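Look for subunit A in each of the two complexes below; its partner is subunit B in the first and subunit C in the second.
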Partner chain A sequence: MLHEPRATWRALLSIALVTTVAAQAQEGAQISGNFSSDAQYYNEDEDINAVVPPERLSAQGWMNLIYTYKNFEAGGRFESYEPALAGYPAGQPYRGSGVGYRYAKFTVSDLEVTVGNFFEQFGQGMVFRSYEERYLGVDNAMDGVRLRYTPYKGIRLKGVVGRQRFAFDNGFTKGAGVVRGIDAEVSLNELLDSAWTSPNNLTIGGSFVSKFQEDRDPLLVLPQNVGAGALRANYTTPRWNLYSEYAYKINDPSGQNGFIYKPGQALLVNATYSTRGFGASLGAHTFDNMFFQSDRAAPTPFDLNINFLPPLAKQHTYNLPATLYPYATQPNGEVSAQGELFYKWHKGTKLGGKYGTRLALNYSVAYSLDSAATNDLTTTRQGYSTNFFQPGEDLYFQDINIELRKRVSERWELAFSYLNLVYDIDIIQGKPGKPVVHTDIVILEGLYKFNARNSVRFEAQHLSTAQDQGNWVTMLAEFTFSPHWFLAAMDQYNYVTTGETFLEDGKNEVNPNRLHYPIGSVGYIRGGNRFQVNYGRQRAGIFCVGGVCREVPAANGLTLSITSTF
Partner chain B sequence: MTGLKHFLPLVAGIALVACDKVDQPIPPGGGGNGGGGGEAVTRRVLLEEFTGHRCSTCPAAHQVAAQLKNFYGEQLIVVGIHATSTFAAPVVPPNPDGSYSTDFRTPAGDAYTTAFGVSFLPTGIVSRKPFNNSMTLAQGNWGSAISALIGEEAEVDLWVESIDHNAGANNVGAVVKAAVLKPIPQDLHLTVYLLEDHVIDWQINQQASPPDIPDYDHRHVLRTNLNGIWGELMVGAGAQPGDTLTLAYSSVPMDPQWNVANCSLVAYLYRVDGNEVMQAVERKFQP
Partner chain C sequence: MRSLFLLLLALPFAFPMQAQNLSKLPAATVTTLDGRKVDARTFSNDGKPMIINFWATWCAPCKKELSAIADVYEDWQARTGVKLLAISIDDARSMARVAPYVNGQDWDYEVYLDPNGDLKRALNVNNVPHTFLIDGNGEVVWQHNNYVPGDENQLFKKVLEVAGKK
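On to the complex of A and B.
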């Protein structure tokens, strides 16, 4: 039986209003909140196959309201999608207007109790992470009860139970499965207090999460209770941070793994070292059959995820690498590694010059699992066997990049970046038959300060590849007139190749469709309010946050964004 | 640390219900005519499978539909609705080898896609009744949703009395009958689909290598509706057990490219309020 959240909300709101009235004469009561909205008007544009919804105008908005009084807190979020922007959200549709999140929380002594919606994470999230990523359109908030308890300093316990947000239809709707979890963490530094004299610290933790979903499948015997556990350790010194976590999941047949019964497991290790002017990190992980959703038949990979598998690749912010070929974590199986170096030549040195020079090197790589099919789908349905932490033969992704950033004068700062990517677009973006993309990207960024308040920042980016859509150029100029105004113009040009024809994906010779994607922006900031208007073409692409990516359709039109905080 | 006692029941509880280890995933004796049987007329289930020839993950769903059809037999009626411009429209510009040039879409399929909020493929709708709070279901939930309905005692029986295919004029007519078994609380509309089975054409398949398959066997393809997108009233609210109702259709044109030997009619009755399909039946042109 699924519950209707609106009735609960009305009850909570009533309590909050009564409490507000009662608290008016008392000191310490506070109400805070924020608002954000995006609206887009869509033009027809056949050249880019622009999406045009029947309504022509899409508008979505959110408002958070939080009431706090002493050790009590209650809050909620009103959401409106009339309708949602094209391509939003990543998973199930959001429709209509209503309450998307509401909760009440109080703390007594060492115990914190939350009822209603909450976000929570155990360790790195490999067995449990409930979170919202607004602009990705991912929200798997829990609706239930959470307890946090500190029985002794340095010992932290958490317990959660509830269902996850699934979609939005004039209010949030919940998924079919129930999620239960516990987490315990011990920090030796805090626990031993004065007996621990070392500047180093060791934190160890463990968690266990179980989901329940009824089995009514006529063709398979499905586990109704599926459990997953994880152990973690974090050792820190003033310069070192060493972290490792291992997770194991029992048989969890689902739509994402083809309903196989093989257990899942994951291991990640990460080491970072930092000192003044120098930093280095080295990490590796393996994920094997680690999709973990509270509905085994969740419609998309974005829905009802119980866990989160952190990416091990640099999250680029420049337009071309960020939106054309970003890496998305492969929960069904990958073996990845990443190394990063950061070095700063201080000012006054030969390479540092008058203002200093910064260098960043990054290398990341992701392979398939070393696995072999077991051909047992009519018997035990294990699906495949693997050699733990052994990379397979398929290279999913490789990124070699370098960034050199230097302030060259009082007014000028320049940054140069080079990226070399290998990108299996078939696996990462689900485009079967498309060849692996090999690309070189060169970026020059500059900042010129006219004076203390006004500046211009520009970017010139070039991407070359013989696969997929061919070559791209992006030019960007962004003027800032502090403290209120900014103005920007950008053009992306898919010039494909300088020849008359283009060997698309190295196979079909086609006439290139050379397209410009110009867009202009103007923004105004004052007090707690921010307004931004864009007009122009939006290229179809990929938008990623934390290794989770959604497709953005091509569009042409006017967008308005407003944010406000009080 | 006395507060630990609050957590111990939680820990113990979760540990006890944590995991179900399954060693034999396939139920014994599985397959064949599940759900039906008995003397009473039971409710047959309609699975409308939204798919597309350029949807690379759809063939996996076709397999699930085939397994369920094999399991439930005539108790389950499967309809393949090719939908969305992204996955079912002909490729533009046309490919040199002519692949993906067929337009499998229908006005009815487009209307259902919009009306039921089909936002992803592959997806399915089971007798147009929400399951786990969702009308559109991924294939992993089809079996569960079907098992929740199939075999229920029916409030109405439905059958295609006759199919009249005029080969010369290449059109079709049909007589559809309904018999009321329980008092009918709401109006029931009848919609009649014409399906073509075993349409051989291109299909992209993520699991195949190479993924582009030129001779894919498209099953249960919706070709047209005999009586409009939303059908017409057949059983009015208040109908009583013993009432028998008949609707007839004649001279509905057929595309000459359709293979009559593989065609069938699917008739279903649904509640106008809420769209739930209460009874469905399929009859082939040529038994």
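On to the complex of A and C.
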């Protein structure tokens, strides 16, 4: 199941050697890279059930290097997890030290060739997206060959073949299935050039992706080749942007869908309108049986994903809503919609005042897909029947939020937010039996500038709910001394706990004590280097970047983070 | 496998490189808000300085930085001719929000989408916000990670230096 990339690598290495030797005498070669490292020392802390790994100290880091010379580029990443931080990564464990990524790439006029590892995305990624979120530990890089060809301006063709990164064990390991894909895109504005005099543009595209995995199942006859295709169109005017993509996947029995033979499909539509000082967007999507992994027996939903299904909900930046109740896409079935509005009252108007006022309104909602079980697991194994666009009865998630932001004087800036969430914690976080969480969150943020360089920022957040863990308060103060230093202190206080007051919660898993989670940070930034030290309690929560999240366990201790770009 | 890594490490010492801290913009494609593709190597501001800022709609300090610069951008442009390219790393989840957000904020920047992190990776950005200053020859002369209020003043000082206005 695991494949050593050694042979390909030796070939690449010799190419790189030859090229660099040839480059020796010449100028124009460039090396660049970055480095990131996190180390954490764990204290024991029974009150919060803090995780303490046997090593007591976790240290992980990686360095990327990119070498470029004219039309040639080669790069690699060395990674080390001795051991990985608790809760990292999102999917399969990362262990040991070694090379996690390497590639060579060259461009000859309209053709670009990449051999080794690469990241790529077709359209919005509903049938193919290999990508990385290093701080979450999401990395489904391809290892193989990619071609990008532009036969004519405005026409773009891509082809990929390879296997995906699965885990890391003194080097990256790969999944069992092979992934092949092609994509074509035409941008009329670019293609027709001067013949297209309109400021509008129409881009259309299509892709086909197929995976191969041997069928060794003793009982079921499984498709060894599973194909999926997608079509997309994007029409833009200076004010409007309309986007739609539809994807279809043939039957793909897998661990994530209970080995049913039903095909999958997905539709995504989005419209935005904006002018100076005003922006609005409206989006909807529906997913049915759209898990698409290059190993049908992938151990978790985080592993070996070929596609990417974006959640249609605002990603919050404030600590309580961001880490307690973030939404995650339900690829097996979901119908969701989102509307959003941004408005700026200009300076000098009644509501704008001297500096202007900014408003953001957002509403998002996700339902189950309307479906009925077919009870055919011994015959056709379709699993269920659906009305594709029809929302079901279960409300998974709803978020109504408003934010007002205003600079009130030369020195003061204030922001106020209110959020109302409905959150099916059983479905979204996989906590069976837990009641749906209804919560109100109020946040006040202030920034006071002492002078051109020094300022203090504070946040006061309050979350109230009769479910899950109960009420929380977060207080944060952050002193910043531009351009190099910052100093922050935060406390999260679970001041009404469900263990005390909310017995309907069933099992009393939550510690009934009212708990404080104080944490302090100091940071130093200079150019491309950043150093940060944290000490204190870290609350168990969910850490998200872009469309995916990972769970972070409760911990108490000292963390040192260093990042550098060179 | 390890040998390649050592090789890459040894490369800077093996042959003459360009002057320290100077590097040209890499080959990576980003998308305009109307769906056209642009190669980062073609970014230009006619010999005047250029700021490349990586940000995302879900990144609070990024938005503070771009808002703070927006307040003084007209003045910066009048004095130095500088241009700011705002590269959004929002992925499929939030890239549709970028245009309405940017317009809703009334920002005057050139905005590009980098939904799969191609340019971010090529410029070795670890996290956002991350700001690069490019001189008139298209070379990266200065960079800064993170944002705290007041950082925009330091950035402008560098812009003035690069524009020869100091």
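The rule we apply is simple: the second predicted complex is superposed on the first by the 529 of 566 C-alpha atoms of A that agree within 3 Å, B and C clash if a C-alpha of one lies under 4 Å from a C-alpha of the other, contacts with A are read in each partner's own complex, and residues count from 1 in each chain.
In this text, contacts are C-beta pairs under 8 Å (C-beta built on N, C-alpha and C of every residue); 3 or more make two chains touch, one makes a residue touch a chain.
Please read these numbers as outputs of a predicted model, since none were measured by experiment.
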### Message
After the overlay on subunit A, what do you see for subunit B versus subunit C, clash or fit?
### Response
fit
### Query
After superposition on the shared chain, which partner residues are touched by A:Y152: those of subunit B (first), subunit C (second), both, or neither?
first
### Query
Once the shared chain is lined up, is A:L320 touching subunit B (first), subunit C (second), both, or neither of them?
neither
### Message
Contact-wise, after the overlay, does A:P432 reach subunit B, subunit C, both or neither (first, second, both, neither)?
### Response
first
### Query
Counting only touches as set out at the top, which of subunit B and subunit C does A:P223 meet: first, second, both, neither?
first
### Task
Could you tell me if A:A84 is touching subunit B, subunit C, both of them or neither one (first, second, both, neither)?
neither
#### Entry: Touched partner set for A:K174, first subunit B, second subunit C, both or neither
first
### Task
Please indicate which partner A:I306 is in contact with in the superposed arrangement: first for subunit B, second for subunit C, both, or neither.
neither
### Query
Comparing subunit C with subunit B, which touches more residues belonging to subunit A?
C
### Message
Looking at A:R296 after the superposition, I want to know if it touches subunit B, subunit C, both of them or none. Which is it: first, second, both, neither?
### Response
first
### Message
Please give the least Cα distance, whole angstrom, that subunit B and subunit C reach in the superposed model.
### Response
19
### Where subunit A meets both subunit C and subunit B, residue numbers
none
#### Entry: Contact set on subunit A toward subunit B in their complex
2, 92-93, 95, 110-111, 147, 149, 151-152, 157, 159, 166-167, 173-176, 180-182, 208, 210, 212, 214-227, 250-251, 253-255, 258-259, 261, 295-300, 378-381, 430-433, 508
### Query
For the complex, which residues does subunit C have touching subunit A?
1-5, 7-9, 11-12, 14-18, 23-24, 26-27, 33-37, 56-60, 90-94, 96-97, 99-106, 115-118, 121-127, 130, 142-146, 148-151, 153-154
### Summary
The subunit A residues in contact with subunit C across the complex are 5-6, 9, 12-13, 16-17, 20, 23-34, 36, 64-68, 73-76, 78, 98-99, 102, 107, 119-121, 124-125, 129, 131-132, 134-135, 156, 171, 187, 189-190, 200-201, 203, 234, 236, 241, 243, 270, 272-281, 283, 308, 310-312, 314-317, 340-344, 346, 356, 358, 360, 447, 449, 452-455, 457, 480-483, 486, 523, 525, 527-530, 545-547, 563-566
### Query
Can you list the subunit B residues touching subunit A in their complex?
1-4, 6-7, 10-11, 13-15, 17-27, 30, 34-35, 56-57, 60, 67-68, 71-72, 95-96, 117, 119-120, 123, 132-134, 136-141, 143-144, 146-148, 204-206, 210-212
